[in-house]
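In the two complexes that follow, chain A is the common piece, with chain B as its partner first and chain C second.
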Partner chain A sequence: MSVYPYIVVAWLLGVGLYGVISSRNYIHLIMCLTVMQASTYVLLLAIGYRTGAKAPIFADIPEHSRVVDPIVQALTLTDVVVEATVVALLLALAVQAHKRYGTTDPDAMVRMRE
Partner chain B sequence: MTRPRMIIGCLAVLVLVGGFAWGATGLHPFGTGHSRYGNHLAHSTVPQRAATNSVVVTAFDYRAFDTVGEEFILFISVVGVVVLLRAIRGDADDRPEDELVPEQRRISEASRWLGAALVGPLTVLAAYVVVHGQLTPGGGFQGGVILMAGLAAIFLGGEYLLLLRLRRSATVPQLADAGGAAGFVMIGFGGLIGTGVFLQNFLPNGSQGSLLSGGMIPLANISVGIEVAGALLMVLSELLDQRLLGSQ
Partner chain C sequence: MTDLAPLSVAVPLLAAALLAFLHHLLPRRVFDLLAITAAAAAAALTLVLLAHVANGLSVYWFGGWHPRHGLAIGIDFAVEPIGAGLAAFVAILMVLALVYSYRVEDVQAPHYHVLMLTFMAGMVGFCLSGDLFNMFVFFELMSVSAVALVAYKVHEQAALEGGLNFAVINTIGAFLFLLGIGLIYAHTGALNLAQIGRVLANSPNDRVTVVAFTLLVAAFLVKAAVVPFHFWLDDAYAVALAPVCLLLAGAMSEMGLYGLARIWYGVFAPAFGGQEGVIRAVLVGGGLITAVWGAAMSLSEDHLKRMLAFLTISFVGIFLIGVGLLTADGLAGTAVYVLADGFAKASLFGCVGIVQHRLGQVGQRRLHGKARHLRATGALFLFGGLLAASLPPFGPFLGKSMIEDAAVKVGYGFAAPLIVLASALAGAAVLRAGARIFLGWGDVEEDRESSSSDEETESETTGSRDRTPAVMFVPTLLLVLAAAGIGVWFGFADLAGTAAHRFVDGVGYRAAVFGAPPPLATAHSSSPEWYDWLYSGGATVLALIVAAAGLWGRRIKAHAALAGAATIMRPLKALHTGRIGDYTAALALGVVVLGALFTITLR
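Let's look at the complex of A and B:
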């Protein structure tokens, strides 16, 4: 039980990286990158988790309850925002590349430049 | 797959597997995490700030400087998207509007009605999530995305013309984006003037559980919410332009 979340992290990172390496389409490649990014959310939240603890929001729990770590949750929020902006920028680059080379296959693009 | 890509990929996998295995040896078992700093922050939000959501208090008060950096990452990448996509558009921008919108008639009545019906509730929900950030789960980033979803409902309803006009006038989302980013920094300067420390809380804490608790946190949430919605709207309308130009 104590290692399963970390195995999920490794799995997400692994399949995402495999997708990035083997992808034949930029849009697909960017989606694979988001899968890799998802592993960091799972890792951050898994690190902050404490068995039996509640969410660190004191609206309806007593002030001295045992709660999970709020810092990693704030970091996850930052992570999500940065991922969204990186994806937007990469998609814009993919549009630009398609206009220029007429393809979204990274390998075909390399061949065209040779 | 080309050879250079394969070689670089294999190198990356080796480094990653090694680094991950090395890093995993230092991890505590799941569920036993205990960070003194985290614990301290979680239990000092209510006495120090009268705000109940310690995640938002961490992001917008104790570690507000990090959030300023995050906000400017968002701002700059939106500028990057706009620059990249406008470089392609060029002269096509000058064509009359009805030439640019050939698909509008193909949208079904049902999706037009659904789009129109969703705009109001989504906007209200967004405002609710933003202003309750310091009390319950939510905050500026989440609320901004929901506000953007309300505007995307206009798009789903097939009202391309409306969005296109918004993009052409361009001032509304740009002002929202820039104003939201500037607003957060202004709040930081408020701290500098009020307490002598940048981004230090300078407003009264209010009473726990009320909308005006948490000092500057509600203001920061509102400015971030406006910025996120403006930024996403700019990205959406630029990508929409690509779609409309592509269909010619």
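Let's look at the complex of A and C:
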């Protein structure tokens, strides 16, 4: 098992986090959130990966072939669906912010309130 | 009988789908009735489930995927009394909240009821699930619904901001959860809690387990809003509709703590059982800081809903102390306290909703003396304040004394005075607000730093403002009665004690999931000690004194004390900036600290 996927996981998580912390634009912030989320995909898929293994579809391969773990793939798929909902909701809120207050800058929103 | 478990999640989900589908055809009142019926059905189902598992644990395997050869691959609902009780509590709160919502203004036709029902389904499913990944999915279902409900009044800037803060921080929490799941799966090859626990019990610990544990704990603490993960909560709860707050404050924050207890006893206790002391110190420490921080902030807050949001944070801190003691007694105390205090907090939000309906405002200073005519609501609100200050012998008193006794038993006696302080300050905040608004007591202060425009909350209800609608008053009254009643009957403590002893029996839990008959429950009985009456009585008196000082501090020449309090509070208040970036940084810092503590000490 290679260590590189886990380095990618840490990198994606880190840069995404930095982006969320420093962002001055809601859309940018939400995209940084999706970068963080990408780290979860990479982690899950890396966990299930086996070198030289086939896709876990037993229709056309022998029953005892070496295959990658299908469970983490199912988890990733579920994760994609769940987080797509979250991102859609967040983007909808960002659109509302822009429509009603003419800004997508979180700081400007805070200042406006004061 | 166990088939009822999936039904109690499916009924609200199906009802939500039906309502979303029918929204063009049905008038609003039919919607109300259908939603209330669905919630009531879920409440009945969970109550039957609770009665059924009162003496054991029942497992439902989806699709009949029972464990074979000692290996659990299927997905299960593992229902035990604490989880079923929490689910029933959620469903009952939801029924009352939906009745209360009868007058809530519709922004867009069917969404409100649909979201409320999916919110409930998420929470109930989370309570019953025996599978780590399904816990994650229900966790997200509950979070997404809650975000949409918080940001429901999109025409208000504060609601948009609150919703965005809530969504971003909780989504990062969800990523931590998922990363933790991935690591634990890599280590054990399992997602079923019992299966993971079995593998961990039979294998040496390594760093992966510690990191996974840290990530999962952090995710649950984000949801529970424990310092420093709590910043999103007051922004979100301050802007939500009153009936939504009933659910958020009464039940959602507690879900994180339930998850924490679930994974500790079900999964990690065998792995880290030897190092309980460290984990106890971390969790109880976090709980104490949260309890005092939240209480102090609630005392310095003018906006009524925000004040109650900090009250929620404060009590989550006390609950965390109970859970974090890692004993059955502490857990039993938390269970009682969560119910009693959940009802009490919900009733306070109910009162605030009535004030908002009648007077259209939620700022304490502006409302000064303006609600004198709302006598019944005022009485409920002030009584709620006394409950929050743990006035004996009512519900919160019972729960709090059980937590204090449990703390003393494991040598954490010093926690008790701090819990007293926190509940006294929190109670004082409510009592002072109540005295100002409903009695017109205290000095009228000029509105110097009453901060924000989020005080100018628009009305969220329809109908005549000349009377308090029965649909708002009756649920609030029932909530207060429930909160008080739990303590009047001390037998409740014994039930919770028995349930908690079953809950902490991880070996029994895992065996039962794999098909063994659940171990016999041993009856436990506890009642408050003499010093608990003293502590809680003291907390009530202290709350009254602090409230009086807040009201008439200037008159009795206590300028110095007031100025001192303001100086202490300034840096705390300054931390609550309302910026997502700052909150995320605090979250990251919290995870790093937690990870460092666990990595250094656990092995």
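Note that in this section the second predicted complex is superposed on the first by the 113 of 114 C-alpha atoms of A that agree within 3 Å, B and C clash if a C-alpha of one lies under 4 Å from a C-alpha of the other, contacts with A are read in each partner's own complex, and residues count from 1 in each chain.
Here is the rule we use: a contact is a pair of C-beta atoms (placed from the backbone, for glycine too) under 8 Å apart; a residue touches a chain by one contact, two chains touch by 3 or more.
All of these numbers come straight from a predicted model, not from anything done at the bench.
J.: Chain A superposed: clash or fit between chain B and chain C?
T.: Superposition check on chain A flags a clash between chain B and chain C.
J.: Let me test your reading of the model: by the given contact rule, A:Gln37 touches which partner, first (chain B), second (chain C), both or neither?
T.: second
J.: Have a look at where A:Asn25 lands relative to chain B and chain C in the superposition and call it first, second, both or neither.
T.: neither
J.: Contacts for A:Thr85 in the overlay, against chain B (first) and chain C (second): which applies, first, second, both or neither?
T.: both
J.: In the superposed arrangement, does A:Leu93 touch chain B (first), chain C (second), both or neither?
T.: both
J.: Should A:Met109 be classified as contacting the first partner (chain B), the second (chain C), both, or neither?
T.: After superposition on chain A, A:Met109 lies in contact with chain C alone.
J.: Answer with first, second, both or neither: which of chain B and chain C does A:Arg50 touch in the superposed model?
T.: The answer is first: A:Arg50 touches chain B but not chain C.
J.: Using the superposition on chain A described above, determine whether A:Leu17 touches chain B (first), chain C (second), both, or neither.
T.: So A:Leu17 meets both chain B and chain C here.
J.: A:Gln73 contacts which: chain B (first), chain C (second), both, neither?
T.: first
J.: Under the contact rule defined above, give the chain A residues that sit at the interface with chain B and also at the interface with chain C.
T.: In chain A, residues 13, 17, 20-22, 47, 71-72, 78, 82, 85-86, 89, 93, 96, 106-107, 110 are touched by chain B and also by chain C.
J.: Going by the contact rule set out above, which residues of chain C touch chain A in the complex?
T.: Touch list, chain C to chain A: 133, 137, 140, 143-144, 147-148, 151, 154-155, 157-158, 160-161, 163-164, 167-168, 171-172, 174-175, 178-179, 181-183, 185-186, 191, 451-454, 577-582, 584-585, 588.
J.: Using the touch definition up top, name the residues of chain A that touch chain C in the complex.
T.: On the chain A side, the touching residues are 9, 13, 17, 20-23, 26, 29, 33, 36-37, 39-40, 43-44, 47, 71-72, 75, 78-79, 82-83, 85-86, 89-90, 93-94, 96-97, 100-101, 106-107, 109-110, 112-114.
J.: Of all residues in chain A, which touch chain B in the complex?
T.: Residues in contact with chain B: 1-6, 10, 13, 17, 20-22, 46-51, 55-59, 63-64, 67-74, 77-78, 80-82, 85-86, 88-89, 91-93, 95-96, 99, 106-107, 110.
J.: Per the contact definition, I'd like the list of chain B residues that touch chain A in the complex.
T.: 1-2, 5-6, 9, 12-13, 16, 20, 24, 27-35, 37-39, 41-43, 45-47, 52-59, 63, 66-67, 70, 73-74, 77-78, 80-81, 84-85, 87-88, 135-137, 139, 141, 209, 228, 231, 235, 238-239, 242
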